[in-house]
Amino acid sequence: MKVAVQEAAFDLGAEANAFAAGHREMGAVVTFSGLVRADGGLAALEIEHYPGMTEKAIRTIAEEARDRWSLGDVLVIHRHGRLEPGEAIMMVATAAPHRRDAFEAAEFLMDYLKSRAPFWKKEIGAEGTAWVAAKDEDEAALGRW
Amino acid sequence: MKVAVQEAAFDLGAEANAFAAGHREMGAVVTFSGLVRADGGLAALEIEHYPGMTEKAIRTIAEEARDRWSLGDVLVIHRHGRLEPGEAIMMVATAAPHRRDAFEAAEFLMDYLKSRAPFWKKEIGAEGTAWVAAKDEDEAALGRW
Amino acid sequence: MEVLYFAWVRERIGLPRERVETRAATVSDLVAELTAREERYAAAFADLSALRVALDQELAEFDAPLDGVREVAFFPPMTGG
Amino acid sequence: MEVLYFAWVRERIGLPRERVETRAATVSDLVAELTAREERYAAAFADLSALRVALDQELAEFDAPLDGVREVAFFPPMTGG
């Protein structure tokens, strides 16, 4: 299990390849990446986090995923600091013998990371800055699991 | 939409990067890759397909996914011929404004590709060869959609 | 019409495709004709529940009419992905 | 104890962390103490339903006891991913 909370950019493809190469006994690899949308007007995204708690919260979520599904491995990378449109904010990857496990575990990780890992996004636009509000649907998504 | 049915190996990470880079207005990218499991005894996998029908069947499935979910784009690559353990058999990628769409469309694509695209796998082991049997659960998976 | 065979159907029949002159009205009629020909066809078509058929590269049922069809393919359930 | 603030809570209060000497029994008691201090705290804590709290880096409820807790953090609902 690899968990990285970092300011530096990462290479989604290289991470996906390294992750898949490490799991030759697994048949299914799912990746999710969250990108800064190049929406009209967004100049950058600023991501704040809670050093210390962040890694712990992510590890707890990843361990829960490993308990619930038959998984070979889990990868979570999440950036903080300033990100430009089009950049990858984060990624998760799951490897499993069967595709359903890989898919469900990746969705579970995303749902929990979204609402339970201490990150906060601020949008920096031409006309000022605004903290991104949490969505009711993100909290509701946890009810699935 | 890119659909490729090919004998040549492909670079999962490079494909994922190129796909994500092409969708700067999308927030979510999901990839699935199916790998030849390095199980005990499996020397290779031989994949037969139905040239002409294969591409058509995949395009139909991909178009159905685009009708059902709010997607920016879909990628499907599927190999045929002889594959060694650890090699990628196929991948799908979906880009969407929201993660739920990207995940569901990718699962839908996989479920349909598995049972509705004309590919057949043969396992080549130390003790002979055997066609992989279709699983009832794969047919049952279609009932979800 | 062209008749194509894939995977173990191809192996049992011993060829990937052949031209068949037939007046069979449906896929089932064609299967009956082929089965009557030779043992290797009978072996391939012994259990239709283990077979799938495509007409002009679209999945079809065994009771589908062959009217105007140029290409028929027989194969086991697919195992891609 | 150490009290940490993140995102707009940090911005409203105007500092990321501070040492607070308190005998507050629960998180709610601590919030009441801070609110009584200065307007900027009152502004940050005006709507507790819009806030989350972590005790020693674990999410907790506002009625949780502070006994033995060394680090309290206040922040809005998280928006990672």
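A, B, C and D are the chain letters, set down in written order, and residue numbers restart from 1 in every chain.
Keep in mind that, in the parts below, a contact is a pair of C-beta atoms (placed from the backbone, for glycine too) under 8 Å apart; a residue touches a chain by one contact, two chains touch by 3 or more.
These numbers were taken from a predicted model, which means no experiment stands behind them.
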Please give the intersection of the contact partners of chain A with those of chain D.
-> none
So how far apart, in whole Å, are chain A and chain C when each is placed at the average of its C-alpha atoms?
-> 48
Averaging only over C-alpha atoms, locate the centres of chain C and chain D and give their separation in whole Å.
-> 72
Could you grab the centroid distance between chain B and chain C? Build each centroid from C-alpha atoms only and quote it in angstrom.
-> 26
Multi-chain contact residues (two or more partners), chain A = 34, 99, 110
Would you pick out the residues of chain C that each touch at least 2 other chains?
-> 81
Every chain pair meeting the touch definition is listed as A-B, A-D, B-C
Sites on chain B touched by chain A in the complex | 11-17, 20-21, 23-39, 85-86, 88, 97, 99-100, 102-103, 106-107, 110, 141
Which residues, counting only chain C, touch chain B once they are in their complex?
-> 4, 6-8, 10, 54, 57-59, 73, 75-81
Give every residue of chain B touching chain C within the complex, in rising order.
-> 34, 47-50, 52-53, 56-57, 78, 89-90, 110, 113-122, 131-134, 139
